[in-house]
Amino acid sequence: MARVRRGEETLESPILKLKHVNKYYGETQALADIQLDVAKGEVVTIIGQSGCGKSTALRCINGLEQIQSGSILLDGKEIAAAGTNWKEVRQKIGMVFQKYDLFPHMTVLDNVLLAPLKVQKRKKEEAAEEAIALLKRVGLEDKAHSFPRQLSGGQQQRVAIVRALMTHPEIMLFDEVTAALDPEMIREVLNVILDLAKDGMTMLIVTHEMAFAEAVSDKIVFMEKGNIVEISEDPKAFFTQPQSQRANEFINTFRFQ
Amino acid sequence: ACGAGATNDSSEGSVANIEDKTTVDTIKENDVIRIGVFGDKPPFSYVDANGDNQGFDVEISKKIAEDLLGDSSKIEWVITEAANRVEYLETGKVDLMMANFTVTPERAEVVDFANPYMKVSIGIVSPEGDVITDVSQLEGKQLIVNKGTTAEAYFRENYPDIELLVYEQNTETFQALLDGRGAALAHDNTLIFGWIKDNPGFVAGVEAIGNEDTIAPAVAKGDTALSEWVNAEIDTLNESGFIAEAYEKTLAPAFSSDIDPASVLINQ
Amino acid sequence: MDLDFIRKAIPMYQEAAFLVLRLGWIGIIFAFIIGLIVSIVRYYKLPVLSQFFEGYIEMSRNTPLMIQLFFLYFGLPQVGIHLSAEVCGILGLTFLGGSYFAEAIRGGLESVPNIQMESASSLGLSNTQTFLYVIFPQAIANSFPSIGANIIFLLKETSVFSAIALADLVFVAKDIMGLYYKTNEALFLMVTTYLVFLLPISLLIHFIERRLRFAGFGN
Amino acid sequence: MQDSGINILFEGQNLQRILEGLGQTVFVAIISVVLSFILGLLVGMLMTSRNIVVRFVTRLYLEVVRIVPVLVMLYILYFGLTRWTGIHIDNRVIAIFVFTFWGTAEMADIVRASVTSIPKIQWESGQALGLTAGQLYVYVIIPQTVRRIVPPAINLATRMVKTTALLPLIGIIEVIKVGQQVIEVSVKDYPSASFWIYGLIFFLYFIVCYPLSKLSKKLELKWQE
Amino acid sequence: MARVRRGEETLESPILKLKHVNKYYGETQALADIQLDVAKGEVVTIIGQSGCGKSTALRCINGLEQIQSGSILLDGKEIAAAGTNWKEVRQKIGMVFQKYDLFPHMTVLDNVLLAPLKVQKRKKEEAAEEAIALLKRVGLEDKAHSFPRQLSGGQQQRVAIVRALMTHPEIMLFDEVTAALDPEMIREVLNVILDLAKDGMTMLIVTHEMAFAEAVSDKIVFMEKGNIVEISEDPKAFFTQPQSQRANEFINTFRFQ
């Protein structure tokens, strides 16, 4: 189900570009000289063992963590330097986390309207109209006035995706958004992401769902200990015969026969 | 004293010669005098059921206001506690302290006492079966007193070895004796005489001990203008018989009839 | 400040501090036991007793200790029960502190996840064993911060003991102010004394609190 | 009791005076509680600051307030301030100031505890949406902390109400003091005066505090989901 | 990797037998007329949608929930009736939960020794020796004196398994023990279970790891809405071609191509 990329897109400069990014937590190096391009409309999936730096990569991209060296370019503009207008940048980057993401004291509608109204100062009617449309798209139009606790985990994550989409981001970051869910819920959330992919949304995804990664990705990035070990533009090939020994071992973790 | 004949007018005149404004001036300017009294020490100073200040101290205070400002209602009553009477004077939050203030050397170091308007002696009351007739019998026993009274001060100073049971309220002090919390109770003997009248089974084994102490109005240290004015006023009131009248009106009903006013009042 | 006077007054404060500590600790221990019983009854929702204790908690928390003491000290003799001031002080603290501890411990009990009880029973532990070995240690650890705060609070509450003629610190300070008018010295000594015995207790509580943090599962 | 002591209440203005005393209690307590809650919210947020100096100063403030008795603070401010500066401030203003000073510290600690218990992910997802720090607090953090704050805050409020018994020391005649005044003048006619009066005061405190604790229980239940 | 069952075992009466078990929570029926046999040495895996009653089944077996009708026989003895000696029964049944299972205030060793010492009153030295041996077997002998919070999720679950094994249960119940874990941790826990299976431990497993279920099970039980819809004695066949329509739909949830 990997989408056919149109020729002109690859020629464009990438939406997101990481150049020689290094990130340390005290002594431990969480990201080591990371180089990565994400083109417009591309779906890139990062996989790797726990602690290899996947989340850190996403968190550095939307400024939740500071990098020590290297640069991160969004639309060709440096965003990892001092003086970045994060308020603006973050509207261009949507992010969905693993869990506890929705604001529990607000209804679904208030959750998804918070950024459009308070950050972007959009008109309430117009934003609400869009919100309802998006909720409908993820099958939750009847939950607009529910509170997060009244929703299943899968429903909550779908709302979180809608909330991130409301600022019209140029790229979406997903950090193991299904890790805490049951299989059917996983499926319903992944279906929404597959749907976004079909629509041409640019996405950077961290997941442990290998079958899903294979199905959705244009590009697979395999990380280990802060390094990118392998980048594959052919997901199918990667999951049957990864180039690197380490990637092969990793993929075996998911096989029992 | 030499100022005995001085009238209000003359004292006012003498003040006028001083350059700085004295408290007396300020009081007159404000047309109100702030007087510190107790709210819960009948019959000396208390607040009655209607919320009005009453009692012996209050009667005298009212007369002072009348003579100073021409109207006995020109008083701002400040209800004090035993522990904060000096603070009120020192910080100028009251002009005159009339809260049954016993003259002691320690206190005289920090405030100026005017001429006294009353005498107190300490008496000791105890149950009939086990009467205390001498202070020496109190060794190793517990003596009940009321916080901040002359009795407390006297025993703390002179008999530090007698264990005191100190209560905040008069009522509680006497209740404690009824409940048998201590061997005896020491208080102003006038109050004791009144109390045993209503409580058969108790006797004033010791009617008066120690030096006779006096109760006097007090002003802030160094406030000579006001203390001189009050001195003259108290003398006048003593002579005119006002204080004796106040005694009859407020104290006599609370005391037992066999008390000689002379044991309480000055210059009788 | 009058140093000579301070030197003379120190023994009075010392005595008051010892009185507060002596009565305080006994009262706090009793209060803790009451709190424990009440919280367990309310945690297991034992009928009748649970409602009864709820009434007790409301009564105790919503009225001032001073008046509670007053009834113990002056009220009980009316019905023929004579208790010494010290006993009344201890009982008063127990009555007041019992409800504060009960709420603190109940909070701790309720914060122990249900799964802990289930996994203990699935190992074959009896209800009592489950409570003793599994629920209670975690509950105490979880509620320790509020237990600690309540210990300090109760020690400071002893300042109303003077209502029943016990010579606590406030009593001594007021006495000195009322008799000798050494206000600065009296207050200074009072703060210092509180500091001298509350600070070590407060530090000890912080220390134990940190040691007990293991109860925080995960991070 | 042979003397129907309850009649004391209806003698003169007694009942009215006691209620006025309660008014003083409630007046000082309510204003202080409200101010403490507002300021405590702000100071509590400071306590969660990453700046170690800010954290140290606020912590020190809390420890000082916990150790110095309220009585001492009242004395120092009411009398000490006048002594050093000559300024006279109304005793109720002083009372409210001291109670607020105390309440703010305690409230701040309650707020700190509940703010730090909000999962980190809540801050981060707010940030990721582009909210400013102020917006994060107003729309995301504070509303969530409220439910955790309410029970201990109400506990604090009842303690503040009860601590007003110290106010007579700076000349505020609150309910207990009025009660004592009434007892002292009535005890001759009604030996059981103290039981009726203290009983009434006991009841009055209960009436003021109980609805608060009831409210806290209600909110707690409601927010439990 | 399904073990070869020896002929005589199937002839024996089953260790665990559920007969017409019905369980209601108020109005909702969580278990509907459940019939299930687990023979000695058999590995039975229950799969099905969230809320279908899998956990409820396990919880009824070890008495955490009461059933309304039917009977549950352990070693031929009724255990769902009043008067059951649960203390005894539970020593024969080991259970491991999804999470928060270890006692956080005890070291690993104290956790695993609690039941042997307090319930079974065994000698400390002897029990500790066995505990160390078992911890070694799951690769955690060096963690004996650590506290649970110092362990990863996977390590915690392995300790929980050891703790359950310490009472020498005749049957082990596993309720989604890997649901909260990362892939490598999942793998290390499942390896322990695979190992137990090889040793002939009788087990009843609830899991969402389909590849694992296929590999470990002698019997697959598919549940829906409190009912057992399908029981398959051939896991491989079940996962490629389930008999029932519903099982087929369920299995499709895990496929993206």
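The first chain written gets the first letter, and so on, giving A, B, C, D and E; residue counts start at 1 in each chain.
Operating definition for what follows: a contact is a pair of C-beta atoms (placed from the backbone, for glycine too) under 8 Å apart; a residue touches a chain by one contact, two chains touch by 3 or more.
If you're wondering where the values come from, they're calculated on a predicted model, not measured in any experiment.
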Minimal step count in the chain contact network, subunit D to subunit E: 2
Labels of chains that are neighbours to subunit B and to subunit D: C
Subunit C reached from subunit A - shortest hop count over touching chains: 2
Comparison of B-C and C-E by number of C-beta pairs in contact, larger one: C-E
Mean-CA-position distance for subunit D and subunit A (Å): 48
Euclidean distance of C-alpha centroids - subunit C vs subunit D, Å: 19
Interchain centroid distance [CA atoms averaged], subunit B/subunit E, Å: 86
Shared-contact residues (touching 2 or more other chains) in subunit D: 75, 79, 194
Shared interface positions of subunit E, touching two or more other chains: none
Residues of subunit C engaged with two or more neighbouring chains: 74, 183
Chain pairs that touch, as defined at the top of this document: A-D, A-E, B-C, B-D, C-D, C-E
Complex interface listing, subunit E residues touching subunit C: 62-64, 86-88, 90-91, 93-95, 97, 99-101, 103-105, 114-115, 118-120, 147-149, 160, 163-164, 167
Residues of subunit E that touch subunit A when the two form their complex: 1, 49-50, 179-180, 182-187, 190, 208, 211-212, 214-216, 253-257
In the complex with subunit B, residue positions of subunit C that touch it: 74, 77, 82, 85, 162-163, 165, 167, 171, 174-175, 177-181, 183
Footprint of subunit C on subunit B - complex, ascending: 81-87, 106-107, 109-111, 147-148, 152-153, 156, 165-168, 172, 175-176, 179-181
List of subunit C residues in touch with subunit D within their complex: 58-59, 61-67, 70-71, 74-75, 78, 103, 145, 152-153, 156, 159-160, 170, 183, 187, 190-191, 194-195, 198-199, 202
